[in-house]
Amino acid sequence: MELWYTEQHTENVRFSIKVDKPLYTGQSEFQRIDIFKSKEFGTIFTLDGLMMVTEKDEFIYHDMIVHVPMATNPAIKNVLVIGAGDGGTVRELTRYNSIERIDMVEIDKLVVDVCREYLPQTACKLDDPRVHLFFEDGLKFVRSKENAYDLIIVDSTDPFGPGEGLFTKEFYGNCFKALKEDGILVNQHESPYYHEYAQSMQRAHKRIKEFFPVCRVYQAHIPTYPSGHWLFGFASKTYDPVNDLNEQAWNSLGLKTRYYNTDIHKGCFALPTYVKELLGNKEE
Amino acid sequence: MELWYTEQHTENVRFSIKVDKPLYTGQSEFQRIDIFKSKEFGTIFTLDGLMMVTEKDEFIYHDMIVHVPMATNPAIKNVLVIGAGDGGTVRELTRYNSIERIDMVEIDKLVVDVCREYLPQTACKLDDPRVHLFFEDGLKFVRSKENAYDLIIVDSTDPFGPGEGLFTKEFYGNCFKALKEDGILVNQHESPYYHEYAQSMQRAHKRIKEFFPVCRVYQAHIPTYPSGHWLFGFASKTYDPVNDLNEQAWNSLGLKTRYYNTDIHKGCFALPTYVKELLGNKEE
Amino acid sequence: MELWYTEQHTENVRFSIKVDKPLYTGQSEFQRIDIFKSKEFGTIFTLDGLMMVTEKDEFIYHDMIVHVPMATNPAIKNVLVIGAGDGGTVRELTRYNSIERIDMVEIDKLVVDVCREYLPQTACKLDDPRVHLFFEDGLKFVRSKENAYDLIIVDSTDPFGPGEGLFTKEFYGNCFKALKEDGILVNQHESPYYHEYAQSMQRAHKRIKEFFPVCRVYQAHIPTYPSGHWLFGFASKTYDPVNDLNEQAWNSLGLKTRYYNTDIHKGCFALPTYVKELLGNKEE
Amino acid sequence: MELWYTEQHTENVRFSIKVDKPLYTGQSEFQRIDIFKSKEFGTIFTLDGLMMVTEKDEFIYHDMIVHVPMATNPAIKNVLVIGAGDGGTVRELTRYNSIERIDMVEIDKLVVDVCREYLPQTACKLDDPRVHLFFEDGLKFVRSKENAYDLIIVDSTDPFGPGEGLFTKEFYGNCFKALKEDGILVNQHESPYYHEYAQSMQRAHKRIKEFFPVCRVYQAHIPTYPSGHWLFGFASKTYDPVNDLNEQAWNSLGLKTRYYNTDIHKGCFALPTYVKELLGNKEE
């Protein structure tokens, strides 16, 4: 069967994956949801036609969005996850016995329902007793919170459509307020390579810097995202992700991971010069 | 004009670039050579239909294949470059006044001729007086050399077709012999993500380890190569690329680079766990 | 959503349709069945990845496979349809009150079930009381029939996979036997343009000619089939499709059709010279 | 080499041809010109990215645009060809010894130069002594002509860009004036299948009908044009293309053709009902 899923990374660049079998197509109040089966990447989950998760490489994204902050501050107990309807971020968080509560706020219940059925690989821990699901707008949810979380993870879509609000100044300001005094904010931070993504990256970084004294960006190789060069933002009130890394503590947990390790933790904050320049912190 | 260059990264994955204008097509004794103009990547150079160089991101590859060894041992004077017909590796090398001689051995003269005409951005330093061009088989060239070079850079195509010999045990052994007692071998090392490339990577690494006491792998984000996750091999008789890095020395040269910097130098050797496992050196 | 259905018309030619929504995917005992929704063609039905029916242009195929024989011999009462699981051929046949019985033999019950659900436009008349469905191998079904039908319509897939037997000498011989003494055999006859299809066309024609005294080929413009130039075979024991056409009789039925008319009936038997040559009947 | 030429037949339909080798790319004052070599179709010639001619099937188009009027009126002596820079129309015309003069008016000299070099199959007769080349705007050229030609062939591109003027009322009126009292106008007439083409077809037909008492449309199977269902317009002051066809006269010329024959001549004017309806002449 010649069925190809194509994501236009730019107007002039196409990334195409042969689909074995369409598994699900639906339209929620917020977005178009598709699930495909493919030989190369296993099950694929897209929102509005953009790649969210593949069975083959979701471990990279979820390792990097969770273990970097967790290894920086092993005392994290209360976590807010915004977006992340596939469940992969929660799955990684639940591996830490030290975490007491995870509030997950996903605007689109259908995403969670669909991922529970078609992506058990990521959705498998959404019923952990520490996990509290809220099907609400994360932007609104966080407004009423104050001094409540040790860690906020913004696992959003791109900054247009349902994910748009999660890239605004107002949102970052409310995250700051919702965090405890040593709180950490981690967010998916787009990519430096293609122009449009680089602009989103720059905007997000500039806005977060207005609130957080520590504001770093780290990178990972995620081949199914545009350019394969993907960034995460690490912002915090006190912790520096490299200097405050407690390698021994994290390694003694004995968590088996396929991408993250404490060497990568240190290495991933070393950015290419052109990315530093885009972020406006060449001298950082 | 709807003309698309497509590289099949695997049987089930296509990466496609809109071509504005075909600039050159030729068949040498060794391979098919094509040059295209594209909006997103500027001029593109392919061999046998595989992406070699784009104007947009060639700086990443050439920074990483040259500056990593040069910053490790600033005393490098004699360099052998194998392959690299586009000239980008030589261009970066010629920025070091300390280098006295560069022997470049490219099997296919037509590649050099075509790149001189269509890719002046990379080919611009092939006439530097320190550069000696040899249009020969690198495999044979290196056989007769002994204790001759401080650095060998293997800037080859993939391990099939003309580039095949540059991934053999015999070749690596001859490189070892051709290097001085503190010599360094750097090679493009394929990619860990798609199965076929990962196999090439594993084979190359295994073979190089048989000869060199120091044998490390480092990575870069090269979006136009399959998966965007590309590796380089650093093998040496004495130097460790991280411990022996002389940051201050390199930075004092004042070379402006767009990808490489001494932070990246250290960070790029931190590999994802799954890559370490593929390389069989998890405990490294 | 960038999802494209692609049919490779040859190794070097692709026809691609943007899919709005996958509607159904299944694997029967015989073949892969897919239903898609597309903007340009409405609902699309494919078998083993090959285009069978689109809502937009199925009328062309079904008009031409049914009305040509029916206008040639308005006295047809008993019809055997082989294949045609989508129901379109039966739908057109049921418009003739003069037809008393339609035996439809489709090897794959799942095709009929799926078309009933997703393609009511074609499947709408499968419950007509004159229609008798047999889920059997048409090749075997016809073996036991003798002097039974006025018309046999072979509405098969291409001559590989489940449709293979319907292009054999044995099958055509049995059809001859199953037809009454003035019986007509119509079959989809592949295409003259791309080499592989032209070969199938030639083989089918050669085999049918061994049995039937009248053996003609006619054409239609079906844009979603390879090359858009599609052929049908008209074979009979007595009737000539052009000379015996009763224009007035057919037109007096008042059937509204969107492709077929009695001008087309006469015109469609006029074949391009290169097609005549391929069929070996230039002097016909 | 994976290089694919793609023509978007509509926003949702792509027809793609694997290119072996780009042969020429240029930009004239009027349009982008490309020549490719392909396995399936041989040499391909495109204007502004739209398919004009392929070596494999140009015979269909050129047979039908030339032999239909020539067989209708064997006494044609003076012919005006507008557009047709590839030379194929002229090539077919020069096969008639009875033709005395052919004026060919092509706005873009570069098209002719490029076709002479890369498409000798079509351009081979442009130096026939009866052929007079004018590199001018056909719209202007025809304005000054009166009672001058037996036949005008409008072998234009689609009705946008350089070809736009050749679909206007003014142009058709001037053609009428430029023709002798038994003159014939034949033009490429777009296609009935995809909406945008059908609109062009309808507009052209409506405008031509305002001037010519006889106004017919005929069709051919041209697989490399959008939908493969292509139309030609036959307009004349006196001749009816079917009733006035002199079969014997044309066949006695002994011209070997691969698509056209006098059966096709009669058959090609039999249009599908939906095409008749689009043309507004169902009762024709």
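For the reader, a short list of remarks on this structure follows.
A, B, C and D are the chain letters, set down in written order, and residue numbers restart from 1 in every chain.
One rule holds for everything that comes next: contacts are C-beta pairs under 8 Å (C-beta built on N, C-alpha and C of every residue); 3 or more make two chains touch, one makes a residue touch a chain.
Protein identities per chain, from UniProt: A, B, C, D = Polyamine aminopropyltransferase.
Bear in mind the structure is a predicted one, so any value in this text is a computation, not a measurement.
Between chain A and chain C, the least number of touch steps comes to 1. Among the remaining chains, C is positioned farthest from chain B, on the basis of C-alpha centroids. Two copies of one chain, chain A and chain B, form a contact in which over half of the residue numbers belong to both partners. One simple way to say how far apart two chains are is to compare their mean CA positions; for chain B and chain D this gives 53 Å.
Remark: chain A and chain D have CA centroids separated by 57 Å (rounded to whole angstrom).
Separation between the centroids of chain A and chain B, computed from CA atoms only, is 33 Å.
Within chain C, residues 4 each touch two or more of the remaining chains.
Under the contact rule stated at the top, the pairs of chains that touch are A-B, A-C, B-D, C-D. Residues of chain B that touch chain A in their complex: 4, 10-18, 38-40, 57, 60, 193-194, 219, 221, 223, 227-229, 257-261, 263-274, 276. Contacts from chain B toward chain D in the complex involve residues 1-8, 19, 21-22, 25, 32, 34, 46, 48-49.
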